[in-house]
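Presented sequentially are two complexes of subunit A, the first with subunit B as partner and the second with subunit C.
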Partner chain A sequence: MSKHTISFPHMGNYSIPVYYLLTHILNVNVMIAPKITSKTIELGTKYSPEFVCTPFKYTLGTFIEALELKADVLIQAGGGCRYGYYSELQSQILEDLGYQFTYINLVSKGKTDIKKIYHELKKIDPNFRVLKALYYLLITSKMVKYMDKVDNYIRENIGFEEVPGSFEHENQKMLTDFSKAKGFFSLYHMYHKHFKKIKRLPIHKPEHCLKIGVIGELYTLMEPFANYHLEMTLAHYGIEVKRYTNAHYLLFEKKKEVKKYLKYAKEYIQYRMGADAADNIGRTKYLCTHGYDGIIHIKSSFCTPEIGAMPIIQKICNQYDMPVIFFSFDANTSQVGIETRLEAFYDMIEMRRKK
Partner chain B sequence: MDKVKIGIPRSIHYYYYGDLWISFFKYLNCDVIISPKTNRDIMNCGIRLATDEMCLSMKNLLGHIDYLQDKCDYILIPRIDNYGISNQTCTNFLAIYDIVHNLFSTPILSYNIDVVHHQTEKQGMIQIGEQLGFSKKQSKIAYLEACNCVWKNKKLAIEKNIQKLKSIKSKVLLVGHPYNLYDEMIGNPIISFLKKMDVEIIYSNLFYSEMTNQASKQLSNELYWKFNKENIGSIPFVQNQIDGIIFLSTFPCGPDSLVNELVMRKIKLPYLNLILDDMDGMVGFETRLESFIDIIQERKRKHV
Partner chain C sequence: MKPCYLGIDIGSISTKGVIIDQDHKIIRSLYLWTEGNPIDAVKRLLKGLKSDLPKCYEIKGIGTTGSARKLIGLMVDANIVKNEITAHAIGTLSYYPDVHTILEIGGQDSKIILIDHGIIADYSMNTLCAAGTGSFLSSQAKRLGIPIEEFGELALQSKNPVKIAARCTVFAESDLIHKAQLGYEKKDIVAGLCKSIVLNYLNNVGKGKQLKGPIVFQGGVSKNKGVVKYFEEVLGEKIIVDENSHLMGAIGIAILAHNNENGKTYPLNIQDISFQTKGQECSKCSNHCELLKIYRNDELIDSWGSKCGKY
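On to the complex of A and B.
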């Protein structure tokens, strides 16, 4: 019997740890789907329902492209909002298009059903072993943690690099190294080596640079293509960018942190509001009171939890006299329009700062 | 002492709990103000208050609350998280309390339904009773009394709905949330048009919810929204006895966008998908409805 080919949707740089994990625990060909392009979105939009949120379109497009390249196992995660229901409809759509595949859904009905996933993995690779999987799962989670740490540092400093592209270059080198890690120790060693190098890169950062917090819906935040490289644009203006949401936060910290945020912003919210909405409200209050110059709230169109959070975020920002801008990205938003709005926003916060 | 005045917006929650609330407060001898049926003013007011991407039903609710805000002492807005495992609600139901709390200054009377964390409707209603200054015992009796009364009425309505299946006219199952179907501005124009066309309408929400909840698994195994489960669960029950299905949802309803699409791909009956937004042109809908009804009547004639 020929080997299965497994594929998964893109999100930022996280295809590297996922690739690492899958190659080590399963005896299959792992395929990193082609990078998201405008063609991907076109494909996804063509077969998606009318007013579904944009991540659905992106991931569906990626799946179609992967299936065209002979992948036959697809992996999809799930979350607390509509995201949890993607899997059933996506597999139905792909089946209607005539593809043959196995669809592994990591989160079903809002819960991770470990037993079911185990049986499905066993079907793909009869030699699948749980202990080995656990070991590599731990390494991967460490890898994600390191990646996010380095990412946070880069995000704060990339706007001030002296050699353009030096941060990105070092980061890519580190990620390539990570994918060759043999165990905990070698991973730790690589992380330290590269992080030191990155920290040593020359920067000229003024003492009081402009600082902006970026909050919003998770997929749009983490996939640069989905937010039209918003963070890079901000960095070009010489702005320090703060972003909370990353894979490590979502996987390990969220449960604990949400309670903190709810307590912190208790005059505005009392209950969780689904997905990241409550977190974002807490963060808004934090950013307002800790010397940031502006807030950018981004989401994909029709993201219901964030739409609920928007009036509250607006209210907090009004109370603290904080500039805030809302972006809603759709599959056919134009890059130029976003750049114009960002430029105007940047001019505004710079003028405020001068006053 | 004046009686406490409680405002109930005639929107989303009213269509699930309205009767229960009214008889509960009647028993406790409180005054209840229900906002009038949705009209243009209320709708426009809601659209002005809401974020532009909110679903039409949410906008409608905000309009109703705006109408009530200076006419009563409390506004009743429950927050509904879930009715047990894999019986969740749309995230708007989770956020509704906090949105209203931030947009309006009128005190809110609220309770939280979160069965996974042991907060039930009964506890919530008793809590409301206590908040209004009644004893625990009084509120409990009032709640049970109200439940009894509501259940009797509901049973009658369900029986009537099921009786309609025996009619010889062309039968159409109308799938949609009750707060859309029965709203004066959203679903009512469509229902009255269908009635004019001499079609028997079977409502998806008037079935025994335990049965529809189970039956929904035939169409979608992973579904975890309670209200959607009940809507689509009515399809397997009646699919051999009806001539067509009309899906009715508001723009841009989150759960409906996915669930209705999936169901449409699975069913073998003629269907029509109507998505309503805040534009008030009925002509487009009327044309679509007319041709749809022509189709099902033609089909019926052939089969007979």
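On to the complex of A and C.
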């Protein structure tokens, strides 16, 4: 039997740790699907239900592109909203399109069924070993943690870099190195070496620069293509950007943090509303009371948990007199419209600051 | 020579230009139709403005705003290019320093700007659809065979406006046809249409916002007396419509051009310069970006639309 080819959806730079993990634990070809382009979105939109949320369309498009390149195993995760039903619907759509593949659903019915996943992986690679997988899972989670740490630093400072592109360049170098990590120690060493370099990059950051918190739905936050490179645009204005949601948060911190958020913002929310709604409400209160100049809330169109959170976020912002703007992204959103609104938002917070 | 500043607001339907002096008084203004060709419209605009500008003035700054601001900013070498939200707020504040709410309905978009102590406190703009904007009104005026200029007057005569679905243009239009075929009077239909514009605007753009007076209404639709009347009726506040309400964006951007003065003088001779744009689909990757290349006198000066930054 020939080797399987496995592929997975894109989200930001996380294809690097996922690739790392899969190549180390499975004896298969791991394919990083083609980068998201307009064609991906076109494909995804064509075969998706019209009113499904945008990440569905993006990931479906990526799957089709991967299948066209002869991938035969697809991996999808799930979450506490419609995301939890992506797998069933996507595999059905792809089957109807006539593709032959194995679909590994990491989260089914809201739970990760380790036994089921184990059997599925065993089928793909009969030599799959749990201990080895655990070892590399730990390394990968460390890698994600390091990536997110560096990312946070970059987000706060990239708007002030003296050499345009220097941060991105160093970050890419680090990620390339990461993909060659031999073990915990070598990864740790790389992280320190590169982070030091990145921290040494020249910046001219004023002491009281404008600060914006970006909150909202996770995929749109983390995939720059899905938010029309919003963070880059903000950086060009010379704004420090704070974003909480990243892979490390979702995988390892969320369970604990969301309880804290519920307690912290208990006057606004008493129970979880699915996905990251409660988290975002807690963050809104935090941003309002910690010297931020504005909040940008982004989501894909039709994201139900965030639609539920929006009126509450608006209410908190009204109480604290905090500028807030809401963006809903879809495959057909016009870039010009976003630019106009963002520029006006920037003008507004700058004027307020001067006052 | 006295300095003066030119503000150009290039909207989807109309192009507005003003020249103001140092005290922000209007020296000359012009309003004409864009007719789908912003470059040509601006050439005509500048020709018109230049021909009757007193000889003692020289232009020390140009600002552009509106949906074609970037293109025209490049064409006239503007010293400031700004979004229409900021421009409208600045322009209105120069006339009404204590304004609290600015309602703006233009040809293709509508927005609301809330001002608090002279600075923008909040704003929103219509997103997905053009319901309740000027282009909808003018297309319906055509359907009813009424010149758009008389639309407002006719609406004022009605005592009994018909109810027209306000949510969406498509439904509004079918509702309108239905009511017309049932035999309702034209003036009642027109009044109903004006009212639906107001309700649509308040439900969409003004949703969740506190509209406190003084309220200023501007943009092309503010010239429609019927819409003004229903805004007053629904909001229970006096609505101020300035005689220059259609020029506020241009005035605002001219003021910003003044604030941003850099010592350069503009001769306004671009009518003689050939200015061309060429659209092209890039095939270097699967993004297939629609590139727009801009030529001044056959020399490539800029290109837009690339997602990867190759251009």
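The rule is short, and it goes like this: the second predicted complex is superposed on the first by the 355 of 355 C-alpha atoms of A that agree within 3 Å, B and C clash if a C-alpha of one lies under 4 Å from a C-alpha of the other, contacts with A are read in each partner's own complex, and residues count from 1 in each chain.
Here is the rule we go by: a contact is a pair of C-beta atoms (placed from the backbone, for glycine too) under 8 Å apart; a residue touches a chain by one contact, two chains touch by 3 or more.
This structure is a prediction, so every number in the text was calculated from the model and none was measured.
Putting subunit B and subunit C onto subunit A via the overlay, clash or fit?
fit
So in the superposed three-chain picture, is A:302 touching just subunit B, just subunit C, both, or none of them (first/second/both/neither)?
first
Determine, under the contact definition given at the top, whether A:277 touches first (subunit B), second (subunit C), both, or neither.
A:277: touches subunit B, not subunit C.
Once chain A of both complexes is superposed, is A:328 in touch with subunit B (first), subunit C (second), both, or neither?
both
Give one of first, second, both or neither to describe whether A:98 is in contact with subunit B, with subunit C, with both, or with none.
neither
Would you check which partner chain A:344 touches, where first means subunit B only, second means subunit C only, and both and neither mean what they say?
second
Considering only C-alpha centres, what angle arises at subunit A between the directions to subunit B and subunit C, nearest 10 degrees?
For this superposed arrangement the angle is about 80 degrees.
After lining up the shared chain so the two structures overlap, which partner does A:355 touch, if you call subunit B first and subunit C second: first, second, both or neither?
Only subunit C; A:355 stays clear of subunit B.
Could you tell me if A:52 is touching subunit B, subunit C, both of them or neither one (first, second, both, neither)?
A:52: touches subunit B, not subunit C.
Looking at A:34 after the superposition, I want to know if it touches subunit B, subunit C, both of them or none. Which is it: first, second, both, neither?
Only subunit C is touched by A:34; subunit B is not.
Touch check for A:126: first (subunit B), second (subunit C), both, or neither?
neither
Would you mind checking which one, subunit B or subunit C, touches more residues on subunit A?
The partner that reaches more residues of subunit A in the superposed model: B.
Look across subunit B and subunit C in the superposition and give the shortest C-alpha distance you find, in Å.
In this superposition, no C-alpha atom of subunit B lies closer than 6 Å to one of subunit C.
Find the residues of subunit A that appear in the contact set with subunit B and again in the contact set with subunit C.
311, 328
Subunit C touches which residues of subunit A in the complex?
34, 37-40, 311, 314, 321, 323, 328, 336-337, 339-341, 343-344, 347-348, 351-352, 355
What residues of subunit A sit close enough to touch subunit B in their complex?
Going through subunit A, the ones touching subunit B are 49-53, 56, 80-82, 84-89, 92-93, 96, 105, 108-111, 268-275, 277, 301-302, 304-305, 307-312, 315, 328.
Touching subunit A in the complex: which residues of subunit C?
Contacts found on subunit C: 67, 82-86, 117, 119-123, 125, 127, 208, 285-289, 307.
Given the complex with subunit A, which residues does subunit B contribute to the contact?
My answer: residues 50-51, 53-55, 79, 81, 85-86, 88, 90-92, 94-99, 101-103, 112, 220-225, 251-255, 257-262, 265-266, 275.
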